[in-house]
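Here come two complexes built around subunit A, the first alongside subunit B, the second alongside subunit C.
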Partner chain A sequence: MLPNWLTTTEAYEPPKGGGTFAIKTMRSFGHMMGRLQFQQGHEKRHALPALVKFFLLVLAIVFLSWTHQLVALLAYAAVLLLYLSTWPPQDIWKVLRGALIAVVFSGILLAPAMMLRPEGIPNNLQLVCKVFLTVMMVSIFNHTTQWNHITGALRKLHVPGVVIFTLDLTLKYIVILGRFIYDVLTSYSLRAVGNHRKKYKSVGGVMGITFIRGANMSQEMYEAMRCRGFTDDYRGL
Partner chain B sequence: MHIPENYLSPVTCGVMTVAMVPVWAHAIKKVKVELPKEKLPLVGVGAAFSFLAMMFNVPLVGGTTGHAVGGTLIALLFGPNAACLAVSVALLLQAVIFGDGGILAFGANCFNMAFILPYVGYAIYSMIVKRFGSEKASVHYIAAAIGSYIGINVAAFAAAVEFGVQPLLFKDSLGNALYCPYDLSVSIPAMMIPHLAVAGFVEAIFTVVVFAFVRKTAPDLLFENIKTGATEAKSHIPVFALIAVLVAATPLGLLATGTAWGEWGSDEIADVVTNGSALGYTPSGLENGWSLDVIMPDYAMEGMNEVVAYILSAIIGVALLVIIFKLASLLVKEKKVSNVA
Partner chain C sequence: MNLLELQGISFTYPDEEEPVFTGLSLEVPVGQSLILRGDNGSGKTTLFRILNGLSFPTAGKYIFQGTEITEKYLRDNGQAKKFHQRIGYLFQNPDIMLFNGKVYDEIAFGPRQMGLSEEEVAKRVEDCMELFHITHLADKAPYHLSGGQKKRVALASVIALNPQLLILDEPFAGLDGKSKEDLMTFLQQWKAAGKTQIIATHDEELTKRLGDAVYTM
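For the complex of A and B:
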């Protein structure tokens, strides 16, 4: 038999407001950060070395911005789009999304000039095309190259080890701290049913905990690295 | 058959676009049911065939040029609804990137080539196949030929009517037409004779050849088999090889040098001779109308090798169409293969 108080239906609705927005935003932000996966390019087994690719990318972008030959623009578009069309749909979308946002943005900037058609300025989309192709090249590079290979390539270009070390760690810890924030806020919201009045107070607490946790982690990692023989010379992952 | 910018009045363009909206909505709804998710990227391949077909200009009687559309072909491969969407997307690319067909006239062009053509072609094809039985391959080929021939001619007729009503409805104070200057008595024969005599046959040959090729090499791409789910998926390498061959062959379309009827630029139209007399004026709507300087007018650019430009255009068009339909397949939710009875 169930006790009586269990069988009655309760109509408890916690009143709204009180920092829910901040909590929700932080939580989804943490969730997004935790989902960032810099290490997951779909690199093929016989891919070009990242350094070579990086050089080619820079060269291609410089040439694209410099050239006035429309045939070059066309050839770029043909090669890139043909390559992209062989990819699986999800990956195509990831690459195109960034490029399309850039196109929309530059399109809005150029729209007045295209509507008014002043003399001497061609009313075509050449600039927008260049933006599209450039962003597409960068995101194809990004997508086909693992992040640690990119930093490895930067190392070979004699970028100081400290910079690369910071980059590598930042990218790793964005994900770790993102997951941490998400977990903290999930446990908070599970425990805080009905405790609605002063939610905004907990925002500071969560950030504080995250900061302390981050500081601890960095200390622990430094010690762990010293124990493994780290000599302040970093060569990339 | 691409109606350029400013040949139709903005009112006509608006009406045609509004007319297309329910058609597109219906097609999208139907395609989601008819085609399994994994087949959707392949509609892009169909659209690529259509795009390439429209690049092969053939010289027609009377110094103009024309081309196949391939709408019936896509209808045979993926059903008329998918064909409607595929040809619409191909037309959009042509209008926005290559300046073939106007952006304002997009609705009208879709009405002719993406709505009338595939639905009429497919209806005639399935009527004939139903009447004479679907066992023999030859019945299919003959039905495809007749369907595509009639389809493109009905579409050309619709385009001719759209051209022809312009001078009746829109005139300036001098009695000169504002937009297309030729009325029905000129536009219908001018469109229909070349299409009945040449372009229809080109369309029929293109349709049958590609249809037969796909039937032999990749039967899982045929609409009749998709509907019943009869065949296993095969490698589509031969189909892509055919597309590559077509891309490489597109410069043949350059051999036909004339301008298609009803597709003159505003600098050309005053000198066009009809029934022994030149028009003598440039309709003001054509001269002053809005138009976008697209990146690659007529699939080429100034100071560029035409052959190279044509091949590159073909590659870009095909790749974009495949990408667009691959992305479209992301929007469709996963579902069981439904047999549409």
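For the complex of A and C:
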């Protein structure tokens, strides 16, 4: 038999104010997940092999750090922006946003130096410009190359299997665990119908179960891989 | 009198061209047990997200107790809390519903949110634990429980809010015979109390014993 309170209609009036913690966290997490999914890479069928792109990226970054010619930096920027202009607007914004955040961050770090030594401003601005271009190139590489192709390229460069394995699993599990946390926060927000007196305890709970979930998943996956013949020698796809 | 009404709703996920469903209309009167059926990917979970105010239709209207539920309406924190208290949602995967250290605290989470006194909270928690035969698990950590036990704890934690509408996504998935029978008994009592439920299930017996109406997606 249902208890009496369960057979009646609850006349509930939520307290005013507060209690938006779960919803806000959930929204920001949702945005973050969107960004992570964006980083899966949208590779074109006839794109350059990941290894070649990787070499080109490293070469470009080395060249960029060596150059002291403003014209060269501007030429770099022009080429990259021209290439970016062929992309869909939302993807352009995602790439530029990361680069602009890096610019702001490096600008803040260099601001005291620029104020104390005004004669060094051109050099500092060049440095900020290099940060912008480097982040943009890495972001473009990341966006146009699938992760499994990157790990394949690293393997060809004789990077140890265990490093690639760790990188591969980390990226995959960040997305999976991110989705899990998002779902937990969703269920949390549905039951958070009032003012939460001990919200940090619940945050601890969410972090705790995510940690346990992560540990269980990695153990289960390792066991499943052993059952399918995995001998600690990882070969990326 | 309808508890909720869907008027020609459609839904398409951002960045996708194909809609999940289009022109879906549905009326659920107070006290009805509606069974929702459909293949995997037919949009049942998306529909549940809409009913819970987690997603919003790209076209059409969702009306709950005479009020249109929109993103703007739920942006008001007070309205959102009131709305969520009235709808209890059991996710298909109970793992995501259990985030407290003990089963007791898990079930007490909702009533404590509602600002009930600790005596009232204790009464509700004990009643819910008795209802789902989980009193002996009160001090256990939810993540150590079996799949069936987790589902019971998750349902008990939803019921503790005393919602007017219960939405269950594949409630029998992963349950053994005894747990199924216990859950079936509870759902029949829920129905007998004149409360509304919407259940997504492929279970023929549940449909036969409980369903007032069946909607196939």
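Quick note on the criterion: the second predicted complex is superposed on the first by the 161 of 237 C-alpha atoms of A that agree within 3 Å, B and C clash if a C-alpha of one lies under 4 Å from a C-alpha of the other, contacts with A are read in each partner's own complex, and residues count from 1 in each chain.
The rule is simple: contacts are C-beta pairs under 8 Å (C-beta built on N, C-alpha and C of every residue); 3 or more make two chains touch, one makes a residue touch a chain.
What you are looking at is a predicted structure, and each value in this text was computed from that prediction instead of being measured.
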Message: In the superposed model, which partner reaches more residues of subunit A, subunit B or subunit C?
response: C
Message: Under the stated touch criterion, which partner chain does A:Leu81 make contact with: subunit B (first), subunit C (second), both, or neither?
response: first
Message: Going by the contact rule set out at the top, does A:Arg191 touch subunit B (first), subunit C (second), both, or neither?
response: second
Task: Check whether A:Ile174 is in contact with subunit B, with subunit C, with both or with neither, and answer first, second, both or neither.
output: neither
Query: A:Leu70 contacts which: subunit B (first), subunit C (second), both, neither?
result: first
Task: Examine A:Ile61 and indicate which partner it touches, taking first as subunit B and second as subunit C; both and neither are also allowed.
output: neither
Task: Would you sort A:Trp93 into first (subunit B), second (subunit C), both or neither based on which partner it touches?
output: first
Query: In the superposed arrangement, does A:Val159 touch subunit B (first), subunit C (second), both or neither?
result: neither
Query: Okay, in this complex, where on subunit A does subunit C touch?
result: 1-3, 5-10, 12-17, 19-20, 23, 180, 183-184, 186-197, 202, 205-206, 208-209, 212-213
- request: Name, in rising order, each residue of subunit A that touches subunit B in their complex.
  value: 70-71, 73-75, 77-78, 81-82, 84-85, 88-90, 92-93, 96, 114, 122-126, 129
Query: Across the complex, what residues on subunit C touch subunit A?
result: 52, 54, 77-78, 80-82, 84-87, 89, 91, 93, 95-101, 109-110, 112-115, 123-124, 127, 131, 143, 157-159, 161-164, 189-190, 193-194
- request: Spell out the part of subunit B that touches subunit A in their complex, as residue ranges.
  value: 41, 292-296, 301-302, 304-305, 308-309, 312-313, 315-316, 318-320, 322-323, 326-327, 329-330
